[in-house]
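So, here's a batch of structures to check.
Look for subunit A in each of the two complexes below; its partner is subunit B in the first and subunit C in the second.
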Partner chain A sequence: MNSSRWLGAGLVLPATALLLLLFLAPTLLMGLMSLRNYTAGTGVGSDWTIANYLSVLTDGFYIEIMARTLFLGLVVTLATLLLGFPLALFILRSSPAVQTLTILLVIFPLLCNIVVRSFGWMVLLSPNGVINETLASLGLIAEPLDLMYNLTGVVIGLTQIYLPFMVLLLVPALQNIPADVEAAALGLRASRPRTFATIIVPLALPGIITGSILVFVLTISALVTPRMLGGPTYKVMATQIYDEFMTNLNWPAGAALAFILTAITLGLIWGANRLAARYTKGLQA
Partner chain B sequence: MIPRKPTLLLTLFALLVLVFMNAPTVVVVLASFTKTSYLTVPPQGWTLDWFSEVLTDRGYRRAISTSLTLAAGATALSILLGTAASYALHHRLVRGRDAILSLVMAPLVFPAVVIGVALLQYISMLGFRGQFWILMLAHVLITLPYVVRSAMSSLTGLNPQLEEAAMVLGSNRFEAFRLVTLPLLKPGLVAGGIFSFVTSLDNVPVTIFLLTPRQTTLPVKIFASVEHGVDPSIAAASTLLVAGTAIALILAQKWVSFTRFF
Partner chain C sequence: MSSLTIKNLKKRYDDLTVVNSVSLDVAQGEFVSLLGPSGCGKTTILRMIAGLLDPSGGQILFGETDVTRLPPNRRNIGLVFQSYALFPHLTVFENVAFGLRRQKVSGAELDTRVREALERVRLGQHGDRYPRQLSGGQQQRVALARSIAPRPSILLFDEPLSNLDAQLREEMQIEIKRLQADLQITSLFVTHDQHEAMTLSDRICLMSGGDIQQFASPEEVYFRPANGFVSGFVGSPNKLQGRVSGGRVALAEGVMLDAAPSMLEGAPLTVTLRQEDIHLVPGATGELSGTINLRIFEGASVQYVVSLGQGVEVLARVTSRGPLADLAPGTQVALEIAPDRIFLSPAEVSA
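And then the complex of A and B:
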C-alpha cells in the first residue's frame, strides 16, 4: 500500500468504524433477536423461530396497526401534495422579496422541534383548546369536536410537520420545466387547465414522486406525533415498536415489527429511485 | 415555467397554508407568556414567570445542559469525522468509495425508531446502557450524513487546481488542505454543522431509548411531561427550544443563504 492509501484508510476509518460498530452490528443483532422465541413471563428464549414474523403478519391486532399506519401514510402524503403544490406554484410566481419571505416561512417550521409543534397542535386541537373554544364562543358548536386522539389529529399534525419537505422538493421540480414547452402547448391552443394537466404535472412528476415517497416514509416511521396527538390508544407501527420494547418487553416481537417497517421503507425508497431514474431517462429519449 | 403573477385565489390559498404551517409554533410561544396557571391562547396578561420557573427548575436546567452538550459534542465529532472521510472519499484515496458512502448515509433512510431500538438492545447486551458517550456517538451516527453530504458537495464544487497549486508551491498535503481547501469548505461545513446541531438538539426517537430514568434531554422531557398534563411551563420550555433554534439559524445566515438552494 502506498502512502496515500494509508492516509485514505486513516481518514475514513473513524467514520466507518462508528457505522460498523453502532449501526451495522446493532441492526444485525436485532435481526437475530427477531428470530428468537419469546414466552410471556420467562422472556427471550434461545430457540430459533420465525413465529414472531408469522404472528405479526397474521394476528389481527398487528394487521390493524400496520394497515392503519399505511393508510395514515397515504392520507398525509395526499394532504401534503394538495397543500404543497399550490404553495410551490405561488413561490415560483412571486416577486423576489415575497419569495424569500415565503421560503423562510416554509423553512422556519421545519427547524422547529417536532415535539414543540405536536404540543402546539395539542393546544389548538384539544377539547378545551383554541379551536374548540373559538367555535364554541361563536356559537357554532355545542359540544367540542373530537380533533385529537384519533386519525384527524394525527393527520393534521403530520401534514404540518412534513409539508415543508414536499414544498422544498416541488419548487425546483416546477422551476426546471422549460417555459418553451408550456408556451408551445398554449400556442397550439391548449387551454390553461389542459396545459397544466398534460404538460406541467407530468414534467413535475419526478419531483412529485420523490416528495411523496419521502413524506410517506417519514409518516409511517413517525413516533412522536402519533404518540402525542393519537394518545396511547391510537397505535401505529412506530408507537407499537416503542411499546414492545419499553412496556411489554417483548423484544423479539418488537424487532420483527421494526424489520417489517424497515423493509417497507427501504423497498419504497429503492422502488422510487428506480422509477424516477426510468422516468428521467424516458423524458430524455 | 412561464413567469406570471400569482392569481388572487392562489395568493389567498398560499397565505392560508403558511398560517397552517406556522400556527402551532406561534401558539406555543404565545401560550408561554400567560399569567394564568393553565394554557390559554391568546394569553391573559403578559408575564415571564414561566420562563423563570423553567430556568430555575433543576430538572429543566439539567435537561437543557444535557441537550446542549450533546448537540455541541455530536456536531464537533461529526464535522471532524465527516470532513476527514469526505476528503478521502472525494480524492478516491480508498477503495470501496460507494460502499462506504452508502454506509455513512444509511441512518438517513432507516426509520429513526428502528435505529433507536437496535441500539438499545445492542448497548444493553454490552452493558453500556446509560453511558453518556454512547448517547453522543449515537447522535454522531444520525448527524454524520448531513455533514458528509454537505462536505462532499462543497468538495465537488472546488477547483482541484487550487490545492495542486499549493502543493506545487511547496506545501505538503496537510498544509494545502488547511490553508487552501478548508477555508473554501467553511460555508458548506457551517451549513452541515448547523443542520447537524439542530438535528441532534431535536432528536427524540433515537435518544428516548438510550436514556436512563435519571437522564433526559429537553425535547424528551417536554415529550414526557405532556403525558402528565400540560401547563404553561411546558410552553415556556418549548419556546426556549424554538429560540435556541432560531438563534442558530440567524448565526448561520451570516455564512449561508437559505434561498441559494433555489
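And then the complex of A and C:
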C-alpha cells in the first residue's frame, strides 16, 4: 500500500471507529435485549423469546399507540407541506433582500431549544392560557377549548417546530424548476391553477418527497413535544419507549418497540424512494 | 392565424424605460424578427405580446381583437424559448399533447395531431422518450412541434437557436423557415444574431434602447441603413472616429475619406464602413491608400487588416477564391469605397 492509501484509511478511521463503537455496538446490544424475557419484579431474564415483539404487534394498547403515532406523522407532514409550499414559493419569488430576511425568519426558531418552544406552546394553548383567555374575554367562547393534552396540541407544536425543515427542502426543489417552463405551460393554454397542479407540483416532487420523509420521521420519533403538549395520557411510540425504559424498567419491551419504530421508518423511506423513482422518471438523466 | 399589431407599447420599471412607445404591425403569415443587442427591449416586447408581462401602456391586437388584458392561456399563441422549456417529467408525446389536451382534443384525433406535429420536425419515432434523453437540437424540435400542434394564431420565438452550436443552428434555421412557410403562421422572432434575422425574416425590426431604429426588409436594412446605429449593427462594419474637414471626412491627419458630410465643419462623427464594401487595388495609390498588415484566412473569405497610417486601421474582406485572396503583408493597396457605402453619423449616436 502506498502512502496516500494509508492516509485515506487514516482519515476515515476515527469516524468509522466511533460509528462502530458508539452506534453499531449499542444497537446490537439493544437487539439482543429485545429478545430477552422479562418478569415483572425480577427484571430482565436470561431466556430468548420473541414475545416482546408479539405483544407489541398483537396487543391493542400498543397497536393503538402505533396507529396514533403514524396518524400524527401524517397530519404533521401534511400541515407542514400545506404551510410550507406557499411560503417556499413566496421566498423564491421575492426580491433578494426579502428572500434573505424570510429565510432568516424561517431558520430563527431552530435556534431556540425545543423544550422552551414546547413550553411556549403550553403557555399559549393551556385551558387558562393566552389563547383561551383572549377568546373568553372577547366573549367568543364560554368554555375553554381543548387545545392541549390531545392531538390538536401536539400537531400545532410539531408543525411549528418542523416547518423550517420542510421549507428549507422545498426552496431548492422549486429553484430547480427551469424558468421558462411555467411560461410555456401558460402559453399552451393552461390556466394558472392547472399549471401549478400539472407542472409546478410534479417538478417539485423530489423536494416534496424528501421534505415529507424528513418531517414524518422526525415527527414519529419526537419525544419532548408529544410529552409536554400531549401530557401523560396522549401516548405515542417515542413516549412509550421512554416509559418502558425509565418508568416500567421493562427494557426488552422498550427495545422491541424501538426496533419496530425503526423498521417502520426504514420501510417508509424505502417506499417513498420507490414512489419518487416512479413519478420522477423524466427528472433523472 | 391572424395579423399582429402593437400600438404605442410601453414598459417602464420605476424610472427605467425598457420599451419606449413601440408600434409595429406584422401581416398575416409574415415572419418578422426583432433584432438588437441585449437590453434593447426586444424580449420584453415578446413577453408582453405573449401576456407574460403587463405593458405600462399601449395596445396589442391579434387581427381585430384587443388582447392587451388577456391572460397568456387565452391568447392562442405558440411560444418557443431559448431554454426549450420542455416539461421534463412528461414524455415527448405528452409534451406535444399538452396544449391539445387544453383544447379538449382527445382520443384518435389527439394521437393523429401529435404524430403529425412530431413528423413535421422529423421526430416521429421519439414520442416515448423523455426530453433528457434527447440532444439539444432534438429538444428544440420537440418544443417547435409542441408550439405548432395546437395551431396557434401567432408564433413567438425567444432566441430559440442561441443554445445550439453553429452547424445545428443553420439546420434549425432552415427547419423553422420551412415550417413557417408551410403553415403560414404569423411569426415574431427575437434574436441578437443578424444572420439569423436576415436568413429567416420577411422583415426585420431593428431595435436599440427601447426604440425601433428601422423596420424594413433584410435587403433594405442591409443596403440602406436608416441611421448610424443600423449601419454599425448590420454586416461586419469598421467603426472609425472622424471629423468634418474641408467638406470631407478626416479619419486622422492626412487620412481623408471621399464623402460629403452634412454636418458642420469640424464636427466629430462616426464612420461606418462594411468590410465587404472596401475594394482593394494592389500596387496602386489613390485618394485613400495603405499597407496590408495582416492576412486572415477564414475559409470562404479572407480578411485583411489594412493600415492607413497615423494609427488608423480598417478591416477588409474579400472572397477566398478571388484574385485578391493572396495579398502578402506589406503590399501597398489603394482603397476604393463607393460614396453611398460610407455611413456617417454624429459621434455621440455611435453604438
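Here is the rule we go by: the second predicted complex is superposed on the first by the 272 of 285 C-alpha atoms of A that agree within 3 Å, B and C clash if a C-alpha of one lies under 4 Å from a C-alpha of the other, contacts with A are read in each partner's own complex, and residues count from 1 in each chain.
Note that contacts are C-beta pairs under 8 Å (C-beta built on N, C-alpha and C of every residue); 3 or more make two chains touch, one makes a residue touch a chain.
Please read these numbers as outputs of a predicted model, since none were measured by experiment.
Counting residues of subunit A touched by each partner, subunit B versus subunit C, the larger count belongs to B. Residue contacts after overlaying the shared chain place A:71 against neither subunit B nor subunit C.
Using the contact criterion defined above for the overlaid structures, shared-chain residue A:7 touches subunit B, although it does not reach subunit C.
In the superposition on chain A, A:202 makes contact with subunit C only, not with subunit B. Looking at the shared chain after the overlay, A:179 reaches both subunit B and subunit C. In the superposed model, A:190 makes contact with subunit C only, not with subunit B.
Contacts of A:86 after superposition on the shared chain: subunit B is touched, whereas subunit C is not.
Of the residues of subunit A, those at positions 179, 183, 186 touch subunit B in one of the two structures and subunit C in the other. Of all the residues in subunit A, the ones that touch subunit B in their complex are 4-5, 7-9, 11-12, 14-16, 18-20, 22-27, 29-30, 33, 83-84, 86-87, 89-94, 99-100, 102-109, 111-124, 130, 160, 163-164, 168, 171-172, 174-175, 177, 179, 182-183, 186, 200, 217, 220-221, 223-224, 227-228, 238, 241-242, 245-246, 251, 254-255, 258-259, 261-262, 265-266, 269. Considering their complex, residues 178-181, 183-192, 194, 199, 202-203, 205, 279-285 of subunit A touch subunit C.
On the subunit B side of its complex with subunit A, the touching residues are 1-6, 10-11, 13-14, 17-18, 20-28, 31, 39, 41, 80-82, 84-85, 87-89, 91-94, 100, 103-104, 106-107, 109-115, 117-123, 125, 137-138, 140-141, 144, 148, 173, 198, 201-202, 204-205, 208-209, 219, 222-223, 226, 230, 234-235, 238, 241-242, 245-246, 249, 258-259, 261-262.
Remark: subunit C residues 47, 50-52, 71-74, 76-79, 81-83, 85-91, 98-99, 102-103, 130-132, 143, 146-147, 150, 156, 158 touch subunit A in the complex.
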